[in-house]
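Order as written gives the chain letters A, B, C and D; numbering starts at 1 within each chain.
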């Protein structure tokens, strides 16, 4: 019997189970009710987390850009997102003329649902997980496919050129980046010998980011791109495609696309933490599962902060750069590293753990250096001219002279 | 395993129902004053020209194609990766050959220029 | 009837009606979306068969990539889709052929089931991924099909890139 | 539990609908979708037999799963090439209706 302060969620689960059984509910139905209660609680928690995220992200981005960020509603602007939610809740829903009603209305729902469905399989601590699927990782990747479907539905349903082009462009980006993502997700599977997320977590006596730093880096980059955040935020590049697939949406329907984006940002951090950062593992997490939950949230919070840092500091890529980065750098890198690691680990897996770790680290570094040299030299040879030659920048000291001469070019 | 899937099924239902209910409630609360100008398709203020469902360029197809091939291939590799710890060297070399063939495909598409965004 | 049977019946009904709608819809995009529903239904059927791996792969490969590539192809060939009737003049003949095939298949299946071949359900704790992975690269097992699959994919990639890229600039 | 015959009838139905789409639709991509449906029906069959037969021989049989996996590969390859052909034909003839394509007649 679990003690409350060791593992509150299991404690509550057992309590609910006993309560239902004592009421004379059949065992099968008790299971269904327990699952349903768990699902409702988890979905609500995830959606509430988005509100916190909205505040955190606006505040931090504000600070990075030397602004205050939200500071009016509540202490430190903490109630700002709630005010925003209330406002967007009462906005008019505009359905554009000629829209395909069913896809148009289904798209935001499916988009949020796809982002939420990831939470069903995440092992939150040693004892608390929703479904321990025997194909956990593949499920995580497959749910992404539903998100792509939602984007296509939105683009098609809006009856708008910008929406459709934006949607197809987004989907092109998402599907491209899921290739290196899938390939680097194979590495944790190889090391742990299972697709169960719980087994993958348990197998990480040494975090997989130490054993395979380069695949982890590829996975992180690809997941930032999968979320469509800066610097990969072409899907909503205001200057190019108005707002991508969500142009025609208004009110809460638009809000849900926004929610889905923020939710996805956190779920990919969660996935990264589970696959490469040891999930709930940490000192004392086995005997006090509640600590495991804290560790997991800390780890994914750090990854999430890293993503906010990317967003605040990196300029947006052009679409051809996005595609080049994926197909000409990440994908070959992931493929070749997969081969190298598969061969190397076969010879190293019988040796001492320390030797194995150091060996894998060296091989990762070596492969990365060699491939980086090879790939970037190819790139340099084939770099295409896409912009004008560099023109002089107007600085205070050359302002007058350059305008007098009409520029160097 | 069916229990796990039962949970996922319920979770999916809840995850889809919650936003749907929220949108429905918001639709009840929100004002409804449609007019033809407001409902017109947004095209930066310019009159809409032609049907919205326009033609695309072949570029999109080529990326989707490369993705399709690599996706299927990585799916085939997942069972192999699960069994990896128990496999002899022969089987690992076999998978490496499998990967090498696809690297060849990638480089063909690259040389051919199919991976350049125009 | 058990709950699982109800799940199966509802899924089968949705799948079949989505398939019918797919054949009946005029707009190709609608057909593709109905196909998505049918494919999802098939994924659920795989779940009831305890083939988790294939249910997920169905999502990943069919919905995540084949459907998307079909959508892209529809968008690429958009201009010629809407005109003319959607069925060709032999539609009645085709319906007849399909009906005959359905009756024949069902008859064969039922006959075969009646013949009393022993059947046994899969154990509930059976994990479908590890034996598949071992068999795929086992020299005694399916190593050759595994490599051939890779070559097939390579051939498809090269062929499709070649065909789609062939007369560049000639199209509109 | 679900009887095997249900799966077989479902797969026969999907196969026939797919066959009808292949025979009767004029649009090339619709025909392709019919083929996808037929392949799915085949997969249901394969996995159903795998589910009901794999413990007959004492050890779990994997042939059904391997065949199903190969069908996925086949479907991917077939879709890729078929759509490339359709797009190529469309660029040349500006049609995707099969009876209007006289590509092979030269």
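One rule holds for everything that comes next: a contact is a pair of C-beta atoms (placed from the backbone, for glycine too) under 8 Å apart; a residue touches a chain by one contact, two chains touch by 3 or more.
No experiment lies behind these values; they were computed from the predicted model shown.
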{"item": "Contact-richer chain pair (by C-beta pairs counted) among B-C and A-C", "value": "B-C"}
{"item": "Chain centre separation in whole Å, for subunit D relative to subunit A (CA means)", "value": "34"}
{"item": "Distance between the centres, which are taken as Cα means, of subunit B and subunit A, whole angstrom", "value": "14"}
{"item": "Distance between the centres, which are taken as Cα means, of subunit C and subunit A, whole angstrom", "value": "29"}
{"item": "Residues of subunit C touching at least two other chains", "value": "4, 29, 48, 50, 52-53, 55, 57, 60-61, 64-66, 68-69, 72-73, 75-76, 79, 128-129, 132, 136, 149, 153, 156-157, 160-161, 164, 171-172"}
{"item": "Subunit A: positions in contact with at least two other chains", "value": "133-134, 138-139, 156, 164, 168, 175, 178, 195"}
{"item": "Interface hub residues of subunit B, defined as touching at least two other chains", "value": "1, 5, 53-54, 56, 58, 60-61, 64-69, 71-72, 75-76, 78-79, 81-84, 86, 95, 102"}
{"item": "Complete list of chain pairs which touch one another", "value": "A-B, A-C, B-C, B-D, C-D"}
{"item": "Subunit B - residues contacting subunit C, complex", "value": "1-2, 5, 53-58, 60-62, 64-69, 71-73, 75-76, 78-84, 86-87, 90-91, 94-95, 97-98, 101-102, 104-105, 108-109, 112-114"}
{"item": "In the complex with subunit C, residue positions of subunit D that touch it", "value": "1-2, 4-10, 12-21, 23-27, 29-30, 32-34, 36-37, 40, 43-44, 47-48, 50-56, 60, 62, 65-66, 68-70, 72-81, 83-88, 90-92, 94-99"}
{"item": "Of all residues in subunit A, those that touch subunit B in their complex", "value": "31-32, 35-36, 38-40, 42-44, 47, 89-98, 105, 108-110, 112-113, 116-117, 119-121, 130-134, 137-139, 156, 158-165, 168, 172, 175-176, 178-179, 182-183, 186, 189-190, 193-195, 242, 247-248, 251-253, 256, 259, 319-320, 323-324, 327-328, 331-332, 335-336, 338-339, 342-343, 346, 349, 384"}
{"item": "Subunit B - residues contacting subunit D, complex", "value": "58, 61, 65, 68-69, 71-72, 75-76, 79"}
{"item": "Residue ranges of subunit A touching subunit C (in the complex, touch as defined)", "value": "28, 103, 133-135, 138-139, 141-146, 148-149, 152-153, 156, 164, 168, 171, 175, 178, 195"}
